[in-house]
């Protein structure tokens, strides 16, 4: 019996993977354990070894295309076993050049990841601009093929929900509408669902030559997928209030001025330099401790109540963003938080974060104050139940005791997952945060 | 065609063989003409086959002309026959036009079967021929069915069922003869025993010495005739047809004869000797026997016989020309005649 | 004019069709073994012999080959015989006449004759009659150009299709499932025909086309009903005619539902389901398939005697339910 070589799941949040490079050709003799191919996932490159010795045949997994986890990409035949007869035989090696040099393949160490892993989810149908000749070796029903052809969808980029990964009509329709492919329990009556424009429809709106197509890398696809998922599955609820931060700014100035000098490779430097965001991280952590019901994660079966405040901080990096986590921020000093953040942000920009440094967390902070943004609402990163969007601190006229006075005001908006954090609970959390920010000495004790 | 004894024949006296007592000179000439026509047709077909003008194979009945013509002598155009794979002679004896027969052999649209049947299914249905048959014994139950129709429709038709010595060992023969007998159907079973079922002699294949003995099993008369003597055949046929028409039921006639040629075009004649064939051709040829009798009785001279033969040869030559010039069917019409076209 | 409907059994419906045809046309007569005073092995001819006499309700000797040939000969020469085989299995005895003669005579003679013979075949398993009296050989005859092969599934169709068969100029073979003979259904009085070569949609559905023949139509309908509760909406097409097959109805149905299950009692391999499947695969309905085509046919075995084994040999309602569910749920 020939042994199936599948595209293995090598990462917990992995629905599809791309073969970045085959190391063997159709008909090659391999020993068990020999390197067969490399996979590029959202954030890592993995080497996949032969599950058995024999002759490699029926290579159907093409380089550079998304392949659902578990799909056969090749077969290993015993000596003398029926010769592989895939119509693709011979085609794959010729195509190698196309996929090999394309996307940058990160190593597992430098795998980049914008957010913690989501709960187990159905495979996501990804859509690519069609490439001629693709989809031939894909297991798909005739109907799926026809619809895909008409819609200009590359079947190789669609995850199949049918037996043995077969792409069926529902998968292609999901791919067209950008949604997840689901097996038809009994197919829903075909109510006209809103569908986003197909790639072809989008491109048709622009003059040819007036744009260039940049293929998505793993991070971009992960961001897109996770944000669609978060926005479409989490009932977001928003609370906004203003914090007066003059006291905080004064305290920051005082503390920074008092920082002792330490020797480093680059010469003498202050031991810390606190940013406003460091205070916000600390305040958010302490607020969660004060309102522990809001320090939660939603699961279908139970509420996950966290004992520590692990605060994710959104960091913009070239090509995307990532959210490293300050663990147990409630117990850390401002200077510790500050130094840890600097280190995390630097390594994030170099895509050198380890998965455990960006996976998980109980809340997140996103600060766009440095761009002068006054107020915005952020999208929750599951499994968090809250995220705090922080605007710029600016001088505004405020009325105090009947008089108009200037004050530095920072608007913050808390997004809550209403399944876990109700409006009042969110309001309680946000007012606890405001109290801490406006009375910053509380954060020192 | 079937006539009473003519004045001319009566002169020869009451001891004359049956044929000459019951048929006038014209009928006798017509019978001679048909015998020649059959032989020349078979020879013309054989030659055309060798020239590559005919496709497939064929089963020639040269040597059996008296059997075909003699049996059909008492039949009207309304009477019906079923025939066999060796059926060219039956077809001509029952009145078919040789030109359309050649056209069929040549696979042309003007052929009796429009090029769909060929030699093995040749028939002019309008003359009461329900078809030659590629299956040994295949026509026997069909003949009984036709006779059943005649009985139920009370149209006085008689059905003659030709088959060979090989068919008498088929189950269909026994089933059909039994039914014809129990229902007293107007059918005449004619076994043309030409001695060999392909290569196997009747002696080796058949438990009874004479196939006519089988008739006893179905309570019908079994008659043995010399199939190469036209008058004997005609007499047996006459009596059997009369009996059938009178509603007295079927008869089995065994017409003992001989085929000169092999079973089909691929026969190498390994099962019989050249001497045997030579003996039949020289001493028992049905046409030669009939011509000798006609001359001996002073009915026709050699000149008249030559004229008859020449006329037959002319018809054959014209028939072959007609066939050659006829159009072939279109392949787009391939599925025609499978089902009855909606009116 | 609206014909009055009564409840008749399938066997009664056939008998009524034969009686009507014999009353209307002197040329129509019946032949078969023990169809006279005995009334036929399944009492289909019943007491017709009393009404029409022995000349028109003819008992034949036990001579299937000869009998079939006699019917063919009578048909070619102006009669309209209806030949009853006691069991469809006995078609094997008469294959020569059916396949070489009846089917081909018109063609071999270049259209010079027609063969308006009707042959009736009590078919199918379920009666404990074992291997030589339970077969479903309709696909055998369906393979022969020149024949028409029909399988009415209801008393209404049995009468209407038999009348159509009697009026048809070509040989028509009717396979009647023995278990259907006692089934009752409403049948119009008087003369009407149900066309040969037209399938009938017995139940409309959205997710799966079940093409069934004969008794399997009823099993498929039962299965479809059982699947309703699961939201699986099944279309059941009664093929009715094996040859010539109604391509249009089947293809249109599959284009609508995207899935095809064929259910038939004859042996699965090289059977009617194979033909229907291939027809879909070759047609433009192929591009509408969203799942593999599935066949449910008879097991690759002669029909056994033991009742449990016998039931297991042919598709039953739970088999159809399971196959349909798997197909629609995407498990196949």
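When the chains are written out, they are named A, B and C in that same order, and each has its own residue count from 1.
Keep this in mind: a residue touches a chain if its C-beta (ideal position, glycine included) is under 8 Å from a C-beta of that chain, and two chains touch if they have at least 3 such contacts.
These numbers come from a predicted model, not from an experiment.
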item: Most widely separated chain from chain C, with each centre as the mean of CA atoms; value: A
item: Innermost chain, taking as reference the mean of every protein Cα atom displayed; value: C
item: Leader among chain pairs (count of C-beta contacts); value: B-C
item: Averaged-CA centre spacing for the pair chain C and chain B, given as whole angstrom; value: 41
item: Whole-Å gap separating chain A and chain B, where each centre is the average of the chain's CA atoms; value: 93
item: Gap in Å, rounded to a whole number, between the CA centres of chain C and chain A; value: 62
item: Chain B residues counted as touching two or more neighbouring chains; value: none
item: Touching residues on chain C, where the partner in the complex is chain B; value: 27, 29, 55, 60-61, 63, 65-79, 81, 96-97, 100-101, 105-114, 145-146, 148, 169-170
item: Touching residues (chain side chain A, partner chain C) in the complex; value: 141-146, 161-163, 168-169, 183-187, 189
item: Of chain B, residues touching chain C in the complex; value: 80, 82, 111-117, 121, 123, 125-126, 130-131, 133-135, 138, 140-150, 152-153, 171-172, 174-176, 178-179, 182, 335-341
item: Complex interface listing, chain C residues touching chain A; value: 206-207, 230-233, 258, 286-291, 328-332
